[in-house]
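Two complexes, one shared chain (chain A), two partners (chain B, chain C).
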Partner chain A sequence: MKLGFNLDLARPSRRHWLGYLLLAPAVILIALIIVYPLLVSIDLSFQNVNIARLDQPRKPFTTANYERLFSSPDFWNATWVTLKLVVIVSFFCFLLGLGTALLVNNKFKGQALARLLVALPWAVPEVVAVVIFAWMFDSSFGLINWIFIKLGLIDTTVSWFSSPTAAFIVVCITMIWKGYPFVSIMMLAGLQSIPEDFYNAARVDGANAWQRLVNITIPSLMPVLGVTLVLVMLWVFRDFSIIYILTGGGPLKATQTLSIMTYEQAFSFFKMGYASAIGVVTLVVCVIASRLMIGRAPDTI
Partner chain B sequence: MLRKKLILLAASAAIALSTNAALAQSKVLKFVSWQKDERGVGDWWASVIKAFEEAHPGVKIEWTKVERGAYSDTMTTLFAGGTPPDIVHLASFEFQKFAENGWLEPLDPKIKESKLDLTGWAGQDTCVWNKQTVCTMMLYFGYFMAYNEDLLKKEGLSVPKTYDEFLAAAQKTTKDLNGDGIVDQYGTGHETRGGGGQYMSEMMNYTLDAGGRWTDESGKVTINTPQMIEGLSRWKTIVKTSLTPRDMSAGEVRQLFADGKIAMKTDGPWLWPIIQKGKAKDQIKTAMVPFTPPVGGSSNVLAIAADISPENKKLVWDFITIATSDKFQSTYATLGASPPPSPRADISAAKAENPNFDLLVQATQAASKAKVDRIPKGLEIQFNEFSKMIMEESQRMIIQDLDPKIVAATMQQKAEALQKQ
Partner chain C sequence: MKTRSLNRIILYASVVAVCAFLVFPIYWLFITAISPPDQLRALPPKFWPDVPRWDVFAAIIRERPLLLWLSNSALAALGSVIISMAVSVLAGYSLSRFRVRGGQSLGLFILTAKMLPATLLVIPLFGIFRSVDLIGSLWSIILAHATLIIPFTTWMLKGYFDTIPRELEQAAMVDGCSPFGAMVRVILPVSAPGLAATALYGFVLSWSDYAYARTFLTNAQTNWTANLGITTMKGEYISNWADISAASILVALPVVVIYLFLERYLVGGLTAGAEK
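On to the complex of A and B.
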């Protein structure tokens, strides 16, 4: 008996079908767990929904959530806080990450231990790190206040979480501490891929250490830098646990990022349509920023 | 042929019956609670579950703990996803959202049918939503004051009985003991970091004593009143002059008090078990709060999910009947170390075990008599947003040193806007 449909994947013209077939389960799975919720979220953002239920009829289409969002001072404040956090944390993560990578890339006694110490904060779970920092910056019994008073830098304790500026600084410090090892590891991998011949040739030409860094190391690291920058930026953009546990977005919304605002609107105030609109705007901003950075990376090499 | 048909019919019936029996054997009711593993009240829930399972052979209760911090999100997700727990345990400030969505079964027919007498049941009025009873109140509490006798005696102070005496005592007992510039001992302790609900409860010690209320009986916002302004002013004094440690969660403050770092603490019945485990337990004594009326309110409720099968609803109602029975309300007093909501509960054993039980009952009755609740009338649905707004405006008052009169006006305006949403 002959089958009506005979799929001969061995035929040269159909070999690529096998690839698609093998990819299909993964693609379907990704579509289910990433694309579907994304579409639901976009759909919800155009409805006046408080608590969303998929088995309930769809509410009428409205742009009210977006109108409210763009006229809300809280949204613009959250956008500004997110932007400040992204710029400051990314900048210092890069500074520290590159510095420590250059340091542990050199051969010295205890290099393995130094590498371990540099990478250690990355291995510490976020919640544990935040609890440690919350204790260190505790206004009444914290280590930092005690050190500052002993050093004579302050004469009275600083209420780290009651001052908008101080709370923002604490969040930045915690995020930088948690984020710089990733940059360091990426940079170290990049540094080890630069051929030693480049440096030898530069030395023959009389280039000093600074010139070798600026003219060889940094340009060679550019592809890694570009990708790392995007990843760090996205991490800061979406990070929730550090801020939520440390400050909950306060005081006076000084540390309320778009992620915190989304969570608060969805699960504290149960305004899921509005929260979805914030989520969609955050996604659009992230996609544009990532595209710009990845698009620019090759040009800078 | 007929015989063959009869045999087949009998076999089918036997299979159907055995399947039903098997299903009955494996019936599981889902119960999610944040109080599992909590010393005292957790043990009481376990005893209710045990009694229910003994009375319903073949039915098991699957009891899952979800942390309070993630509770509201988890329950919302479960309900929204169409898989609610059968036995619904919620805080009294959050059940309204679930009731408003029609997710809680109206209990009036079941109460009537089973002749459950809820007359005089503390806080039960809160469970009436849109003219229907949707839950049973499991705890209504009143704040009492615990104080460190040694710390007060060292300063020659007696137990404060008014706000002025309390303020003077708090000022005298707030001290830098070793002269390093860091305050090591505080006059009192309040949560000033965390959720808006708890922050509001802490403030209410002072606003209630000053005669202020967030809303009146009809739900009209009454924040911009001289009484509330006085209450806000008192809260500002306590926090701004650091008579309480700053930026601490309620749990941390309670532990500091239990360890002898705080002189006076007003709190609910749950403070007592914490004191018993603290370093300063022998120095700590209790009294009525120096504020009139004391902070009080409904705490948590038990309900039935509207989306479950009629059979499960009946079983959950049986569970509620056991939990609200005189026997288990009496054991609630001993195991939970709190006054039970039932007026018929026998609390003699609890009184014998806990020397403060009379005080707890007195505090609860005082709060109940004054109709004090943490959830203001007319703002139940918007409670989370309202409490967050109150917390932020109060923080603004303290951080930017604003006049309480201006702050009260802002709060009034924002609360009215929330009501109109």
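On to the complex of A and C.
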């Protein structure tokens, strides 16, 4: 039925002034607090500035920051650390997250409680997660050292935060514990959208549990898997709080990611121009990587 | 029949194991908080203290400016949520209902803004806030947190408005409402649960921030947020883990409670716009 009124808001002709008016406050605020700072930081990255003062005249244009960046071993070290961290943390987040989701998706008594519990670390602030793991991995009285000695894995206490490898492992464990409940939450939602009929039909055809997992569950989860993977990788890539409070990027730059390096250059050494250059490179990598990955995933969840 | 009950046992055992692994660190935080300090230095560690110190929470509130820190965190979160919701309710509705020229590119830009590393944005914001003398003021993190919250809330709300049938507005307009009136009187009341969930999610984002508070507020002790306060306790020469743990529990409590309310809405919000 065709209505005589001009009421259908979805019609292409509905370029109503109200639509623009409603967007205006968001556009203005975003321009002020996101776009303008972003332009300032790009501008800073092409100047040789130490302390950012906007009321001082602009320094001359230079690409020195970027040249210095790409020839600096610290930058390549940070890139390598970031890459290792992203791969390791995302891999275990997925393994554990998917496993947990499949487990909790079974029907059993107390399922609601279990679902709530497995996602709990997601809600714990990163600072608190760091407190927990810093204390559990404490070198003198930490629980982990005691358990490992009891199990015979180590002979004497390990000072986790003074060895480069050990510190890196602690960072990984903290991030996995904090990050994988998110994967579980997303996977559980994905699992619940798979029609029960698929499984019934497969059972009738005699498919066993493994075949059902590989041929129904995993393919149906693919779209959610793709998006979740991108979100987890972006989180690890950009995370600052966990590493900064846990290790500060040390020892010997073993846990210094690009984010930590950016912050340290800016606020420990006050090389704002150089730090901005690192930050801009980080952003460009994030945007390109996520476009490539999301672009390939189907566009529905 | 026998294999079925065996399967049940395996299922329950694995569920218990997974939950224990996930929840144990939280349990250990709690045990650390209520243990007397000398027991924390005892080996083997005690998994339940002989004499639990239940008054540790009252003690820490007396000895440290924890209430001040918590109220600063709450003020900052409230401020940034109010600002963010005010603009993103309108923008989300517009993106959901109107075909505005440039609307799509704006939506895409907002999505990209989710990827901005805080460590990049914190540098120009520091310069800007310095020149307008906001460093050390709570306003600095209120505005900085809005940069975190707006991209999320705008997309969450657009997604939520998309699920509300357009017939509602049409009916209201047939009855004589203006388009704006239809939004305010009909759509917003219907969306109340979605608005509340979105606002709570924004609250959690702001409450959990550390990077901005560390940068803008370090030299303004009276404006420290709870997260910043805890990390300074951790940085002291001798870390008093019982106190730090007790403070951490008080800081985590509000967001954990919010999470319990939010769980149902969580997934829709987290994925909103992610597929674009």
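One rule holds in what follows: the second predicted complex is superposed on the first by the 281 of 301 C-alpha atoms of A that agree within 3 Å, B and C clash if a C-alpha of one lies under 4 Å from a C-alpha of the other, contacts with A are read in each partner's own complex, and residues count from 1 in each chain.
Throughout what follows, a residue touches a chain if its C-beta (ideal position, glycine included) is under 8 Å from a C-beta of that chain, and two chains touch if they have at least 3 such contacts.
Since the structure is predicted, the reported quantities are computational estimates derived from the model, not experimental observations.
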- More residues of chain A in touch with chain C or with chain B? C
- Which of the two partners, first being chain B and second being chain C, lies in contact with A:268: first, second, both, or neither? first
- Message: Between chain B and chain C, whom does A:119 touch in the aligned arrangement: first, second, both, or neither?
- Response: second
- In the superposed arrangement, which partner chain does A:31 touch: chain B (first), chain C (second), both, or neither? neither
- Go through the superposed model and pick first if A:213 touches only chain B, second if only chain C, both, or neither. neither
- A:155 contacts which: chain B (first), chain C (second), both, neither? first
- Message: Going by the contact rule set out at the top, does A:227 touch chain B (first), chain C (second), both, or neither?
- Response: second
- Query: Is A:87 contacted by the first partner chain B, the second partner chain C, both or neither?
  - Reply: neither
- Query: Once the shared chain is lined up, is A:95 touching chain B (first), chain C (second), both, or neither of them?
  - Reply: neither
- Taking the superposition as given, does A:241 touch the first partner, chain B, the second, chain C, both, or neither? second
- Residue overlap on chain A between the chain B interface and the chain C interface 52-55, 138, 140-141, 146, 150, 267
- Write out the stretch or stretches of chain C touching chain A in their complex. 8, 11-12, 14-15, 18-19, 22-23, 25-26, 28-29, 32, 40-41, 43-45, 83, 86-88, 90-91, 93-95, 97-101, 103, 106, 109-110, 112-113, 115-128, 130-131, 143-144, 146-147, 150, 154, 166, 169-170, 173-174, 179-180, 204, 207-208, 210-211, 214-215, 227, 230-231, 234, 241, 244-245, 248, 251-252, 255-256, 258-260, 263, 266-267, 270-271, 274-276
- Query: Which part of chain B faces chain A closely enough to touch in the complex?
  - Reply: 72-73, 76, 79-82, 97, 101, 180-183, 186, 192-194, 245-248, 384-385, 388, 391-392, 395-396, 398-399
- Touching residues on chain A, where the partner in the complex is chain C: 3, 5, 7-10, 12, 14-16, 18-20, 22-23, 25-27, 29-30, 33-34, 36-38, 40-41, 44, 52-55, 99-100, 103-104, 106, 108, 110, 114-136, 138, 140-141, 143, 146, 150, 177, 181-182, 185-186, 188-189, 223-224, 227, 230-231, 234, 237-238, 240-241, 244-245, 259-260, 262-263, 266-267, 272, 275-276, 279-280, 282-283, 286-287, 290, 294, 297, 299-301
- Sites on chain A touched by chain B in the complex: 50-55, 138-141, 145-146, 149-150, 155-157, 159-164, 248, 250-253, 264, 267-270
